[in-house]
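Shared between the two complexes below is chain A, which has chain B as its partner in the first and chain C in the second.
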Partner chain A sequence: MGEKKKWYKLDFGSKTKESAASSCGCGKTSGGCGSHQGPPPQKDEYTITADEFDKAVEGTMVGETRKDGFQQVFDVKMDRRTAFRKLTASLLIGAGAVQTSCSVVAGEETKEKAQIDWEEQFKGNYKLMTQEERNATVDRLVRSYQLRKKENIKMSSTDASKDVLFGYAFNISKCQGYMDCVSACVEENNQDRNSEMQYIRIHEMKDGNGFKFDEADDNYYHEVPAEGHFYMGTQCFHCDDPPCVDVCPVQATWREEDGLVVVDYDWCIGCRYCMAACPYDGRRFNWSKPEVPEEQVNKNQHYLGNRMRKKGVMEKCTFCIQRSRSGKDPACVEACPTGARIFGNLLDPDSTIRWVLENKKVFRLKEDLGTDPKFWYFMD
Partner chain B sequence: MVKDSLGYITHGSKAYHIWMIFLTAIMLIGMYCYSIQLDQGLSATGMTDRVSWGLYISNFTFLVGVAAAAVMLVMPTYILKDIDFKQAVLIGEGLAVAALIMCLAFVVADMGGPSVLWHMIPVIGVFNFPSSMLAWDVIALNGYLFINITIPLYILFQHYQGKEAKPKIYIPGSILSVLWAVGIHLVTAFLYQGLQARPFWNNALLGPRFLASAFAAGPALIILVLAVIRRFTEFKIETKTISKIAMIVVVAAQINMIMLISELFKEFYAPTHHSESAYYLFFGLDGKTALLPWIWTAIPLNLLATVMLTINKLRNNPKVLYICCFMLFLAIWIEKGFGLIVPGFIPGPYGVIAEYTPTGVEIGVTFGIWAMGAFVFTMLAKTSIGIELGKLRYRKKDKVIVSETA
Partner chain C sequence: MNKLKITAFFLFGCLLINCKHKEGEYHDVIEKIEAESKKYHDILMSSEAYIGDIETIEITEGDHTFLIPERKGQIKSYACIECHSKPLSDMQDDTPTRKAHWDIKVNHADENAMNCVTCHNGNDMNHLKSLTGREIDFNLSYKLCSQCHTSQFQDWKGGAHGKNIGGWAKPRAAMTCVNCHNPHQPQIESRWPVQFNSQKARERE
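And now, the complex of A and B:
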């Protein structure tokens, strides 16, 4: 049991914890609950029979380092926190055992699905997970998708690299309002097609009026560029001091080391406080179950990025974390036919973004709010 | 005690039974509506990405105020030893408990993922304290609920056993609850006040105005409830008690009025970009006028009730008093609910004006929760009245329910 973990995890704290990823809610690692058959077979090497276990225990019964039977569980020094966690664990384990073992008629796959769902329901906050736990949940999600949709997805949990801080610049002179960025974003990030959710909004403004957002139209359906208009795009600005992160009651959203503001979709409780706190309209909520036709699903995914969301959780632009962390530009940048969008590493003195910041008259929106966005506008 | 009170609350007059059946029916309808919402997601409500809080959070905000108002009765009774209030205070605390239960229900109804609400429980979840005001609010509300359950429970339990409650035990609790009540409402106001993204809320007067309006609306409701109790039970509530509570209502309503004037002055004397939400609320923007009927019902009602209550002659007439209290309650419900939450989102961060209309499902759930609150309150009030009247006592078991009449 890691002392520093701050969340509840289905781990009974016994010596069998190494195989926790493959063990099930019943807490046993051998026989019993019926959910241990099936892949992956190599994990069986780690499970031991009761006899072997007893021998191993006797062999190490020197002093009080190893304990037998229920003492293993009960005679452990624990603080209130772990005690409470374990009590809850035993409750859940009971229910879990009932859930998995009682379903005699259910097939292997159904059981595995139930097992995955169970572990997913009670997993911790991604931000506080260790790397093994992150890998475990990614594996579960990939397997779950395989079981349900018979398709394989690739999901990464790549961390922020050192010496990287992502920034974005938008050239107002170049943007013609084609909205290719919007459709590329929707396709890349698996956004709900039914509600036509879009992270990017393109505001069409009248020439000669300056930046009048309240008179702009962010929902136009006509040929562009329209005569006498200019265009300005907004999305999540990945603030350096993001108000949305401060207000979240469960730390389901946070700023990563490379400056990306991300959401753990599975930890979010859907209170929408972050939405009220965002001054830039950067956040979206799944008011119903998001749906993407199977053939349109982008299968190259990141846990904090474009993996499939569920209903009742927040989501937002992540600067395409699945792309940007593997060295590519976000989809909107790549799709822009006019080159109005510039993305890069602010800490790299040779990057284009740095050149723009140093050589253009850049500005940011609502600077007076003190959120310090990493999204600049400029003109040629 | 549980057994006795269970027996006591399941017996009563015909009117009582009809009332409870009526509430149960509404609760069942509310549960049905909530099941639809659970199935479809929050798209079953009128909320959108543009207006992301609506009827639920409006009611939640208002009810926090009602709950906080119980303190206006606690203070004089327990701390200033004003005997007049003693009968009223148990009712007030019962009201606070019911209001808090409704608050929590509204928050849960508003959640996108009620099945992962355990993430919010300290220790097993991750609690973003002290950064998130919502985390503060969870502590404040649950703490207040605890205080308001334990104090009356102690007093009633002592009376139930035929003993006197010891002031040494309940006075510190009462003092704490007085402070806490101010706390819950301020914290709830800070929830909105702290958002730089919403100029309509980001306003130093929001917290104090919450308190003033709460201390008008809460005791107004208590007066109405006491009037009903006086009429339908033998529980003696002196006119003096009611007129003292009325005094609290008047003062709070007057302060509230002054703050309203101050707010209106600031928004409309030298309107800035930040006054647009207020413009939308009072006059509509771009032909979008959904809130006008509401706010223009609330303001005259509020004004009329405050003026009428200020005049002693009118206030001392029970019938006028009750009508005024009802008007005031309604006016503040609109103003501190709908009139506060919805304009916060309109216009949106980039000036988009998208209106909000609650759906049938949302209204159904809302009524269901209000019915639940009334149900809880009726049970609590009936038990405490029973004990206070001496009908419910820990004595020979067989005599307990025999004296039932109400």
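And now, the complex of A and C:
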């Protein structure tokens, strides 16, 4: 344990067999544990099977207090009940993990899973991680997926580039309400298929009435464009002064340097303050465990973007961070057959988004709130 | 009295400091864009890979230089003179057989304004022709459209009309007019939305 880490590292012997005995997860300095060479291990008083262990982990993972690092857990004032809950949750994982790691019955894979779950349990807030720590958690998540689903995913943790500030423009006169963007977004971002979660809403509004969201229909199904109507889309506007970020009690959501407002799904406690604070209905909550059929999972993922979420966390549009950070258009822009969606770098004076802002009559939704959304509407 | 003065001064100072936006420098995003784009350096990122298999050509119109898809290679029966080897009058006959280009119907403006020869030249089928009879390459067919649709042309050049290809970074690539609009029937047909959210419908019952 030479390197400095923000969490306590438990060694189950699957990775560093040759390291000092004191770093063994079972706490013993000799024998009795699978990770030591030497005398045969003691008979386990109770054995936990891999399935039971997984279930226990699963169970504790849903608990709303699980995502704190050690420091935060112990430095925080809390009542007895919460303290007990936290302790039980962590103990269960710990006990299970130690049990599994020390068991001679459990396979290498189970041990590795336990090791990953342990380290994931006590990792820090993504914002505070060093680049190595970020890479490590990405590697763990990729490996975990591989162990559990037997499929390989590609996950990145690409940072914001200098001199980039993402912005979006939406042409109200061009949108025809086909909803290709909505479908493309769901496929790209691995949203829960059971609850049919969607980041984008296309509102069908009556001509001449202005923006009346209470009278608009965002779930129409008839031939479009319908006569006497126009269409406008809403999604997360990536405000430059985002109220959702201000209200988050655990700083699980923040504004990145390139203007993207992102969520760390492993730090979110699911309080939904941000959902209430957002004036644009831009955020979505996972009321149930999100499920995507394996063959439909988009395997090109980003830590802050479309990686698989879990029950009880917030998520939202990230302007397809896994695409936009590598120079690609978001899925909605690519899917739109009308060219109503324009995306680009606001700081580049030659970009098309800048041309739109400078040459068309643009406006933003609820501009008076001062949230400074980076999503402009315009007309031909 | 002196204490009061100092306190007032201190409070005023605090106000001065707090007047600016939380992050420090700018009042709003517009101000930030204006200021920060002054010191903008071209980023290293490229979107070239995302253009994919599309064959492109570079065009320069006014202040804008960008890529558009090459067209001639996409027209199945190009070059036209492979069939149009004789003048049109010699090729037309009145026998009721299936004619070439039977599927093309012109529904673009009205007959007073447009017919086939507004854009095609019977004596030079391999090229399009402008209103004044000048030759226009099939690859640059937007020059034909822009003769009438001037405002759309302005928007297209700037990037407000038409569809971007691939990515937001450089090089910029955009669809040209005929990639979305059928030049013979440029109106885009209405259709059904690609999806319906049954869960949302159920929840709102």
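Criterion: the second predicted complex is superposed on the first by the 279 of 380 C-alpha atoms of A that agree within 3 Å, B and C clash if a C-alpha of one lies under 4 Å from a C-alpha of the other, contacts with A are read in each partner's own complex, and residues count from 1 in each chain.
Just so we're on the same page, a residue touches a chain if its C-beta (ideal position, glycine included) is under 8 Å from a C-beta of that chain, and two chains touch if they have at least 3 such contacts.
What you see is a predicted model; the values in this text were computed from it and never measured.
Look at A:Val164: by the touch rule set out above, it reaches chain C but stays clear of chain B.
Using the contact criterion defined above for the overlaid structures, shared-chain residue A:Asp214 touches chain B, although it does not reach chain C.
Of the two partner chains, neither chain B nor chain C is touched by A:Cys332. In the superposed model, A:Asn125 makes contact with chain B only, not with chain C. In the superposed pair of complexes, A:Leu347 makes contact with chain C only, with no contact to chain B.
Within the superposed three-chain model, A:Gln251 lies in touch with chain B and out of touch with chain C [touch as defined at top]. In the superposition on chain A, contact of A:Cys236 is made with neither chain B nor chain C. Once both structures are placed on chain A, chain A residues 195, 218, 370 are touched by chain B and, in the other complex, by chain C.
Interface of chain B with chain A (complex): residues 40-43, 47-49, 52-53, 107, 110-113, 115-117, 119-120, 123-128, 131-135, 138, 191-192, 194-198, 276, 344-345, 347-352.
Listing the residues of chain A that touch chain C in their complex gives 161-165, 169, 171, 174, 176-180, 182-183, 194-196, 198, 218-225, 240-241, 324, 326-329, 333, 336-339, 342-349, 351-356, 359-360, 370, 372, 374, 378, 380. Listed in rising order, the residues of chain A touching chain B in the complex are 6-8, 80-81, 84-85, 88, 121, 124-125, 128, 195, 197, 201, 203, 213-216, 218, 234, 243, 246-252, 266-273, 275-281, 284-289, 311-314, 369-371. On the side of chain C, the complex with chain A involves touching residues 21-22, 28-29, 32-33, 36-37, 40-47, 49-50, 151, 155, 158-164, 166-169, 172, 175, 180, 188, 190-201, 204.
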